[in-house]
Amino acid sequence: MTDARGGLPLLSPMSEVAGRMSVQVGAHHLEKEQGGAGILLGGVPGVPAGDVVVIGGGVSGTNAVRMAMGLEARVTVIEKNLQRLYDLDLQFGPSLNTRYSTVEAIEELVTNADLVIGAVLVPGAAAPKLVTREMVKAMRPGAVMVDIAIDQGGCFETSRPTSHDKPTYIEHDVVHYCVTNMPGAVARTSTFALNNATLPFVLALADKGYAKALGDDPHLQHGLNVHKGDLAYKAVADSLGLPYTGWTA
Amino acid sequence: MTDARGGLPLLSPMSEVAGRMSVQVGAHHLEKEQGGAGILLGGVPGVPAGDVVVIGGGVSGTNAVRMAMGLEARVTVIEKNLQRLYDLDLQFGPSLNTRYSTVEAIEELVTNADLVIGAVLVPGAAAPKLVTREMVKAMRPGAVMVDIAIDQGGCFETSRPTSHDKPTYIEHDVVHYCVTNMPGAVARTSTFALNNATLPFVLALADKGYAKALGDDPHLQHGLNVHKGDLAYKAVADSLGLPYTGWTA
Amino acid sequence: MTDARGGLPLLSPMSEVAGRMSVQVGAHHLEKEQGGAGILLGGVPGVPAGDVVVIGGGVSGTNAVRMAMGLEARVTVIEKNLQRLYDLDLQFGPSLNTRYSTVEAIEELVTNADLVIGAVLVPGAAAPKLVTREMVKAMRPGAVMVDIAIDQGGCFETSRPTSHDKPTYIEHDVVHYCVTNMPGAVARTSTFALNNATLPFVLALADKGYAKALGDDPHLQHGLNVHKGDLAYKAVADSLGLPYTGWTA
Amino acid sequence: MTDARGGLPLLSPMSEVAGRMSVQVGAHHLEKEQGGAGILLGGVPGVPAGDVVVIGGGVSGTNAVRMAMGLEARVTVIEKNLQRLYDLDLQFGPSLNTRYSTVEAIEELVTNADLVIGAVLVPGAAAPKLVTREMVKAMRPGAVMVDIAIDQGGCFETSRPTSHDKPTYIEHDVVHYCVTNMPGAVARTSTFALNNATLPFVLALADKGYAKALGDDPHLQHGLNVHKGDLAYKAVADSLGLPYTGWTA
Amino acid sequence: MTDARGGLPLLSPMSEVAGRMSVQVGAHHLEKEQGGAGILLGGVPGVPAGDVVVIGGGVSGTNAVRMAMGLEARVTVIEKNLQRLYDLDLQFGPSLNTRYSTVEAIEELVTNADLVIGAVLVPGAAAPKLVTREMVKAMRPGAVMVDIAIDQGGCFETSRPTSHDKPTYIEHDVVHYCVTNMPGAVARTSTFALNNATLPFVLALADKGYAKALGDDPHLQHGLNVHKGDLAYKAVADSLGLPYTGWTA
Amino acid sequence: MTDARGGLPLLSPMSEVAGRMSVQVGAHHLEKEQGGAGILLGGVPGVPAGDVVVIGGGVSGTNAVRMAMGLEARVTVIEKNLQRLYDLDLQFGPSLNTRYSTVEAIEELVTNADLVIGAVLVPGAAAPKLVTREMVKAMRPGAVMVDIAIDQGGCFETSRPTSHDKPTYIEHDVVHYCVTNMPGAVARTSTFALNNATLPFVLALADKGYAKALGDDPHLQHGLNVHKGDLAYKAVADSLGLPYTGWTA
């Protein structure tokens, strides 16, 4: 589903929650007992703060930036849409480092980071592998990576899905946190957030029936993936190599 | 040891680290898998943030406040020194709720909190039990308490020391985190912080010998607890019921 | 009249002025001599600030929020458009509580407030009565309500229009301020604000004549309510139950 | 009474309340119906904000500054203690104009102000008349003056005490607000504030008796004006031309 | 070239750089040795800051505002688009004075300024002469003017192009800085900024050839001024009085 | 001369001015035409900002930090007094990097900086040479150094005094700005600042004569270097190897 600004209103709350949680889990796994380097993200006066790199400046990346800055880390966001970089600069001011996304920038920043947060989302498609295995090998021992995009396959080459039971594994001395369904850990907050977002659509579906509701609201219609056995969402059809039929009432 | 403002320069860095960590561990244990209520401290737009109560506005309390506000929780600090309340108000502005410490204020705030941080430090003496068992019983299930004062005996009646191996236990449905030596989890940051603080004193002791160094610097002298079998620190002597001898070269 | 973002450029300045004034009049009427509870909105360090609830996050609501936060009250805004809630969160940060609009949220917040500001505007239509008489009865004695929407009929069930001569009345022990034409009290500021907003349209009308000016500018055209005896504005026609004719040169 | 920083701990809360209220009453009386110029303190975008001048940067002046900046006025504080000017600059940043107190600075700023707040307090002595009648004559019609120092005789030459019943009078076309006991209007907030400040002293007096309590605490002792018929406070003795006896148990 | 919001993506980085530099060169030329009045833009506590007036609130004007506020000057921006004034107010808050653009406002503000920055850009057309010679004559001796619009002919009547070799001249006792190609002075920063902005278009041209690239992307197409001898950009054609042919593959 | 906090009230205003100017001259000399690397201190969104290192966190260093952060550079301050580091952290928040002063920290930071500001002041004694020639050799070509301590001999090994006529020279490809009497360039601001600071002392000297004025005010007395042929200031006497006589009326 989409909204008037091209956003994804139903995914947004979950992306917000995951983005905010990513910093909290990153800070936790930087503790020595969790396999991390024993670094406090914000440092203390006289001792340098940790370096956080957030790849992707969409909803989840922006929320990760916000929490990482709240914990007083040194934060850089990498983003390929220049207008979005401007907006992030406007929102966070000069305390946030903004970098245009190139392979060189990613490599330079990731290999010097204490915490890397992968927040790349291509709606309906697999996430691109922006951090390669070679880059991970070059990272500091005890660094932490959190892959928010794991539900779309992950944006680190070394990512593989984990669960809340055993959220991390260590590869090349780097802690990987790749829990699918991150927002489940804060179910109470997530449920309220989702209710706020779905209520208007639920009311529309209940009042009008699905056919009319979808016909009236192109954004709701964009939320349809499969309809009567046909693929109604183009990006999914493309990424699966199946025919795209669109939607007709 | 003391400094010219009556502070404790060697404990300060560890109090800073513990104060900052307390929010990070509090956020972590509010996750469902850790026994918490499944609440994200900062909420998301449209969903209320969690309520954090910090008892004590000294070094560790102030650092806890700072991180809790950074994670966008609703934060109240309770402090009995009115001048200190003014300073906190000056530092954090109206976003921080400041409350004068009375039994009523503590009870009202603690029983409505999602996260309570005990940050009461009476130099050289046992911490007062400001949160009673009755108050803990009245808290919400899944709330979290972090007792930074556990090294001085703790400031919650229900606190008992834990370790980084098994940092929490649940009592009256409330998660208790009472790890002694919290800063050990971020050893890298803590070590740098401690080095910065001790270096000037170490240099003085090495250059001058202990007798002259202590004679020259009353703050260093205040750091002496036992000297040639006698108790040289008054508060310790008082709390142990032993005679206080002071220090003479 | 509308602008390219769907705003109302000529009403905006008056909504800004009314929104900002609403907090100033609210603070004034919380004084004991005016019938209020004798509460200072911002409190002082150690004493809780007053609770302000702003219903509606449009132009006047946003300006009310801004002034209430400026006076250091604890402020919550209630809004039914989730995207607008996100924007308010972005603008004001975590110091502002944002709540999605439901009957339950309104009831909970209004009955615990010291000052309620009604800032609901449905262009060209009557304001909905979001605060019921029952809610008003449950409010604290000496609380204050300011109904900015009074020119559209008011958004509290207990509102009835007042004037600058006698701006308030007390009902159910709650002070009601329902002055129509609030901006008149700060005529000097209002006049400048209105001049800035109308100048471009006035110049267009003067230069081109009304027919061409309206033909050239759809936003100006939207400002037309009645044209040659016909209703040219759909929402007005609908709310009066009269036929809507649109506009043709 | 004094505190360790030379402050006045029992007067402080009332000075805070009065300082904060002074802006609220100033804004109110700038409304046309109250005799003011019809100016909204914060203006709106595109329309200049009102000019507020606060004379004196102590407790009440600082609180006035804070509220006036909160309402988005353009604020200048005049102060004769350069160190205090630095502190105010540190607290409020470049948005606050700070001016060293000279007759020229006062004249220039007062005659161009929309709201002048007199916040000059000389402990135990009469307030100096820093704003002369000539300056008031040169002010804009409809400007407002609030004299917080009225309890010490006022710091404007044209001030005379008023009450909450009839708080203002107009002289030289300028609205004068000179209510003695301003904090009485927000009695609820004031009472809590005063309780917080007096509680430690009350407990000391009750526990120890007045003689021992005064003997133990030089700050409490400074609060004594008359003791067994003798004047125990030097500034009062001096300003009354009576002998000063000090205090002895 | 344009972008989806009507911006000019390739000019934007250069406008940003020029806007930011304008304050830096303004501050430099206010030094006595450079012919200026010997004023430090931000003043110091107790001494008034300098007055900066920025004419035009587009990309370069906004960046100038940002740096001037960063240096703690008193800044006013003049803008004729009311919506843009609102946005600037939102971005910078009450510390920025925003004024609607009228001849009177420009005259009043310019003649009282220490530094005037001309940041008016009409895409593809000559800049309007908003500051007249008469206004310049009325300015303070030693004031500084920086004309960012000099590449479009300048927006001060007294402007004439200069170079980095001899960047200023003095006319009517006012220092004029009118260097064309300002961003050349910080070539390293400018080059990176331009690369970020052009990369996507360069890739499109390289991959697809110019005809298809222009056909696919209307924004790229808007960047075309002359095509096969014809004028393909309307504003340029209009300002040169030549026929406009548009573009066809 | 000293003040009650151990500060230097007459030097403070000049240190403030020099500290603020140091960033302005640094930014200017980073321009290519001035020999610099062609870097804009604040960068633009997507392009990294310049790195500024301020050595010394006293009055001039703090003012340099403030302006450098205002221009949106990435700023690190190096300071050996831990309490002062805490105060700077409190004042500027996490956007400022604070580092405890060690030879290693200075070397690491200086050799990676675009602009180094030397702001080390030891009252009455020669400044220590904290930046060695070897460090300067390791800096980037086109980097800029500003030595505010040049009046006390400079704190870079490669510093030699310059004047406003020819303010810089290049050594090891690094631009050195070592103008003595920097505040002279903004004479107007400096004069007002100095007047504010000296007025109280001038009045005391005029009213009482120098002997009584010095006898009454130990801070004024500290300002005396030579009295009737004897050295009355200990640090000067020590650094010159001459006997110290103190002061007696």
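All chains are identified by letter, namely A, B, C, D, E and F, in their written order; residue positions are counted from 1 within each chain.
Simple rule for what comes next: contacts are C-beta pairs under 8 Å (C-beta built on N, C-alpha and C of every residue); 3 or more make two chains touch, one makes a residue touch a chain.
Here the structure is a predicted model, which means the values were calculated and not measured.
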Chains touching both subunit B and subunit F, listed by label:
A, D
Between copies subunit C and subunit E, are the contact residues mostly the same numbers or mostly different, with half as the line?
different
When centres are defined as mean Cα positions, the distance from subunit A to subunit E in whole Å is 37
Whole-Å distance, C-alpha centre of subunit A to that of subunit F, is 45
Residue numbers in subunit F touching 2 or more other chains?
42, 45-47, 69, 72, 82, 86, 100, 196
What kind of graph do the touching chains make: line, ring, star, complete, other?
other
Please list, in label order, each pair of chains that touches.
A-B, A-C, A-E, A-F, B-C, B-D, B-F, C-D, C-E, D-E, D-F, E-F
Once bound in the complex, which stretches of subunit C touch subunit E?
3-5, 7, 9, 91, 196-197, 199
So, in the complex, the side of subunit A touching subunit E is made of residues 82-83, 90, 100
In the complex, subunit A touches subunit B at residues 13, 16-17, 20-21, 24-25, 27-28, 30-33, 37-47, 63, 66-67, 69-72, 164-165, 184-190, 192-193, 196
Interface residues, subunit E side, partner subunit D - complex
42, 45-49, 69, 72-74, 82, 85-86, 88-89, 93-95, 97-100
